[in-house]
Amino acid sequence: GSSSSSSGGSGKPATLKVGVIPIADVAPLYVGMKQGFFKQQKLTIQPKIANGGPEIVTATVSGDDDIGFSNTTSLIIAGSKNIPLQIVTQGVLGAKKASPDQAWDAVLVKKGSPIKSPKDLEGKTIAVNSLNNVGPLTINTALKKAGADYKKVKYLEVPFPDVNAALKAGRVDAAWVVEPFVSQGLAQGSKPVLFPYEQTSPSLTVANYFATKQYIAQNKDVVQRFAKAMNKSLEYAQSHPEAVRAAVPTYTKIPAAAAKKIKLPQWQADLNRPTIDLTANLAQQYGYIKSKPNLDDLIWKP
Amino acid sequence: MRRLPDRLLPWASVLGVLVLFELLPRVGILDSANFPPISQTLSTLAGQVVGSDLWTAVGNTLAGWALGLGIAAALAVPAGILIGSSRLVYRSLRGVIEFLRPVPSVALIPLAILIYGSGLQSKVFLAAFAAFWALLVQVLYGVQDVDPVATDTARSFGFSRTQRLLRVTLPSALPYIATGLRIASAVSLILSVTAELVIGSSGLGRSINVARSGGDVKLMYALIIATGVLGLVLNTALVAAERRVLRWHPAYR
Amino acid sequence: MLRVEHLKKTYGEDDQAVEAIGDIGFEVNENEFVCVVGPSGCGKTTLLKCMSGLLEPTSGEVRLHDQVIDGPPEKMALVFQEYSRSLFPWMSVRQNVAFPLRRKSLGKDEAKGLVESAVRSVDLDGVLDRFPWELSGGMQQRVAIARALAYQPEILLMDEPFASVDAQTRADLEDLILNVRKEYGVTVVFVTHDIDESVYLGNRIVVLTKSPTTVQELLDVNLPDERDQVETKELPEFARLRAHVYRSIKRKQPEAEPSTT
Amino acid sequence: MLRVEHLKKTYGEDDQAVEAIGDIGFEVNENEFVCVVGPSGCGKTTLLKCMSGLLEPTSGEVRLHDQVIDGPPEKMALVFQEYSRSLFPWMSVRQNVAFPLRRKSLGKDEAKGLVESAVRSVDLDGVLDRFPWELSGGMQQRVAIARALAYQPEILLMDEPFASVDAQTRADLEDLILNVRKEYGVTVVFVTHDIDESVYLGNRIVVLTKSPTTVQELLDVNLPDERDQVETKELPEFARLRAHVYRSIKRKQPEAEPSTT
Amino acid sequence: MTRRQNILAIGLEIAVPVLLLALWWVLSANSKTFYFPPLKDILTTFKDTWLFKRVGSDVVPSLERMFAGFFIAVVLGVVGGLLLGLSRRARRAAAPIVEFLRAIPPPALLPFAILVVGVGASMKIFVIAFVCVWPILLNTIDGVIGVAPTLRETTHVYGISNRDRLLRVMLPAASPQIFAGLRTAVSLALILMVISEMVASTNGIGYFVLQSQRTFAIPEMWSGILLLGILGYVLNGIFVLLEKRLLRWHRGARASALS
């Protein structure tokens, strides 16, 4: 349960448990805590590290977490199953451009692989961290845009941390990874052939902070303050990469040296609503969901 | 060649395995970027041992293990003895037991989070759930292996059913229970760590997950080794306790 | 006081059935010492188990003070033929002997006294704190006897209790049991293979036939109540009875094996 | 052929130590029948286990044909005192008896013949396909004897093998063993509590003292080789020997309990 | 047990689970909680999903992998257990390794398994076998070293060959305890079947359950769990039959302990 104040009572101090994943994407939360943006709103943040989106969704629904961080596709799927969740703020976005020096996700192939272009991926197996989710969703779209037949691609679920090893050992033909595993893979000599997020759409909304409708209804003021501080943190993080690079090793085990070199994602306060619509349409198109959720209902309006 | 003294045997085999896992990555049979030579892993581990993070994590994991195993034992041993000593009760519950036993704890994770949140309670629930079945089966078998002459002896002296269960069935079944406890102990540890890994309750599992997500392979393997060593230590303690309690058993005479 | 009536016991069912006891009936009076003799496998152990309520008879019944026995009566103790399995390996000799006393509400000292005097009477006071599996066969058997004695039963059922002890100890134990019976008025049913022993100890001897088992003969032993290992065995009546029992057992000998129907 | 030299056996260590055998030495010649008698707990079972190589002596040694025994020799069979625990509960009587024969390269029919004749000789042919736990104590003991006989050993060690059988069966089995010995030239070492039995069966009797155990007396039995349950036992020499053994055992009786150092 | 008691027992064996199911039905009938759908929904989903649409595509591959892993575990566990049970030195040498490996959580094992055996079926079989082997191994060892001393001595005296000693004495004598290990292992195998399908899977019951869980298809998830329970029940039934045959002597020898 939350120890936060009940609704109203503007400015009352509150403590928020926020479910996060130990990756660079959630750095703004930590940067914001360091910069005191949350304290300004009289909020104390307790980050809670979990394995992945579904666990965070469950923990949030159960009331164990107040706010959660999850990828947008998962939230759309949850919405289509009528789980009472609402997106509260932006979480993280894909890069503005599909170039190797900007994109923080990529489909990699092994050094010396015969796969040179997206078209070569047809008939091959690509490792993704989760099936029926943002990975295949954006890869399919990127392939389609590159003129390849996405239906000829097979997906296999391999967690990000294990995938570079699997790729190097030739267990899979290609692997979709995000930072820090892109850098790690490139260091092993792997080559990128696709930048799914960016090729799906520039500045694609990838993940969001969310809460349950019930929590929002009961803690309107707290949520509003959280959104304010979070948005400030997002903008700050985007403009202060060095602060992000300093924060990352404090809650992840990305070695400090690597943290200096990885490509950082894009953060902004704006939800980039059109890409959320796009994601929902694509999810339906690829059959991840039967019916599209009402996005106006899925996205909280302050 | 002279025979190695008994006391050195465990060390010898450990050394053998260490050498093996040093060489495999070194000669390139295993990819050294993804499976570092054991010496590097161990030095990472050594670095952890002097810090406090590891110990906090170990403490948290131990709490989950102890509570999980304790609850499982407190429930499974009496339940096993009661169920196992009556054919009728056994037959009527057998179906339910066999139905519930293979329900995987991992599939119960959402349930656990929902009911108990993502803290210690969830971890304990999952650990106790899994350990309970492992132990229950052992107790049931132990109860059925009691020498009938021993039971008849107690019966002939007019001991009531409860007293017989307590004083004859329980000690006779102890060897099975001991094995069961050792199995359940490992299961409880495994589930505690798994719960930490997946749900994110604090402990070794979460540390493993954080290291893994950050791509720090050495730290990840160091922590996995720490988990294994923890299991080894716990087991050694259990065996020592078992040796005391089961002094009369042929295995320890 | 103890009456066996048309007792029949069959192990197993249908085509696996083994008739252990065909039809046995006899009575044991208060403070009597009844010896049961019969060929190996004729059902003596089965009989004792039925009499103690451990086994349910297939038909017929056993009555104690006119009450049908359907579970071990409180005042009864049984010394098992399989003595080594009837001792609890996780208890020391002392604990084994003290074990049945837990049921009785005795003072700690009183229980301790009982245990120690019982163990002393079977000459094992040196090994009170050892475990059964550290003892020789004969010593284990004596522990089982001590346990029954310490319990102070009114009825004592013994299944070849002296099979594994040496001649000297056996004689001592025989006299011990006679003494206990006299002193505390215990009723004893005693299975033995030793015909001398049965005549020496018993007031009455039940001779069983081979299977399908019935009572071959009920024999009264009219020897003076005060028995003595040397004198009693020199009495002509002793020799006569002994020869009689021997012949009685032999009479049905040329029969077939236990029928495995 | 079999020589026991300054045998000493202590169980346990340090303050837990129990001296089971102090110092025993004697010799068994080819085709001899040696009976071992002694008080309960004096170390007879321990002695047999050392002689069969199952237990390592604390000091001293046992030699067979001048070779120190350090494991059970091939041509030896042992009938355990704990007969009920030495039978394999998952094997039928037939399988139990046949089991040791697997080692010998016998034809199937030959093995079957051996098993059946051994079982017949102990009068159990009716229960060939039953399991040990379906048998009475005496029957189990006879299965263990049959197993040893079917094995056709050159040396047969028996630990109170007739303790649980009735007088008649016992007499039959005694004669059976005598016969086997005569026919196949088997050497027998036989532990018994029955003094009559030891005199009736043995060529020589080893009388052991109480613990710390030594040899009290080695007694030659000068009875005619051809023995008969009635005639032999009526011989004056039989009565003399019997009385002698009895007294010999008694001589050391007033000693203390086995020392629990 | 008399015939009447037997009939009563069979009756109870059927009645108790049915009663519990009924209880579940009633209690969940009006459930609004997202994660606890009414049993009715679960059963409907169950029918739609498993009867028999996904049997060939998910159930069969899962079971194949499970049996393969379990079988390997049985062979390794029993053979290894017999050998370690017989030799104290081997036991001492192996103890630290065994205890170490036993404590490694299977999810933590996955990266190593992927590295060494790849991402195919063999990886899943490896993981299943790796975890199932321990209860069997421990029980076999304990069964062997707990064999009654007199039985051991009997085999020794009759110079029973090593092979017979292993297969005809130690194995049957330890078999009650081995069976206890097998029973524990078989349900572990089902559990591990799920865990092993956490990664690198494209089909299987565990894959289905986890995917359902991740995509918030809760009735589907419960239907998968239900199926696992049913499978566990059936597997157990097979074991009961096996045991009835193989451990007949044990039931007989221990008969009155259960009365």
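For clarity, chains are labelled A, B, C, D and E in written order, and residue numbers in each chain start from 1.
Everything below uses one rule, namely that a residue touches a chain if its C-beta (ideal position, glycine included) is under 8 Å from a C-beta of that chain, and two chains touch if they have at least 3 such contacts.
Everything quoted here is computed from the prediction, not taken from an experiment.
Following the contact convention of this document, E is the list of chains adjacent to both chain A and chain B. Graph distance from chain A to chain E, where chains that touch are one step apart, equals 1. Comparing mean CA positions across the assembly, the chain most remote from chain C is A.
Between the CA-based centres of chain C and chain E the separation comes to 48 Å, rounded to the whole angstrom. Rounded to a whole number, the gap between the C-alpha centres of chain C and chain D is 26 angstrom.
Taking each chain's centre as the mean of its C-alpha atoms, chain A lies 83 Å from chain D. Residue positions 31, 34-35, 109-110, 114, 147, 152, 197-198, 212, 220, 249, 253 of chain B each touch two or more of the other chains.
Touching two or more other chains at once are residues 82, 85, 134 of chain D. Of all residues in chain A, those that touch two or more other chains are 54, 58, 61, 159, 161, 165, 169. Interface residues of chain E, counted against chain D in their complex, comprise 148, 150-151, 153-154, 156-161, 164, 168-169, 172-173, 175, 249-250, 252-253, 255. Across the interface of their complex, chain A is touched by residues 34-35, 110-111, 114-115, 118-119, 199-202, 211, 213-218 of chain E.
Partner chain E is touched in their complex by these residues of chain B: 6, 9-10, 12-14, 17, 30-31, 34-35, 85, 87-88, 91-96, 98-107, 109-111, 114, 130, 133-134, 137-138, 140-148, 151-152, 169, 175-176, 178-180, 182-183, 186, 189-191, 193-194, 197-198, 205, 208, 212, 220, 224, 227-232, 234-236, 249-251, 253. Those residues of chain A that touch chain E in the shared complex are 53-54, 57-58, 61, 74, 77-78, 81, 83, 127, 130-133, 154-159, 161-162, 165-166, 169, 171-172, 288. Per the touch definition, chain D reaches chain C in the complex via residues 11-12, 18, 37-46, 81-82, 84-85, 123-127, 130, 134-139, 142, 160, 163-170, 193-195, 246, 249-250, 253, 256-260.
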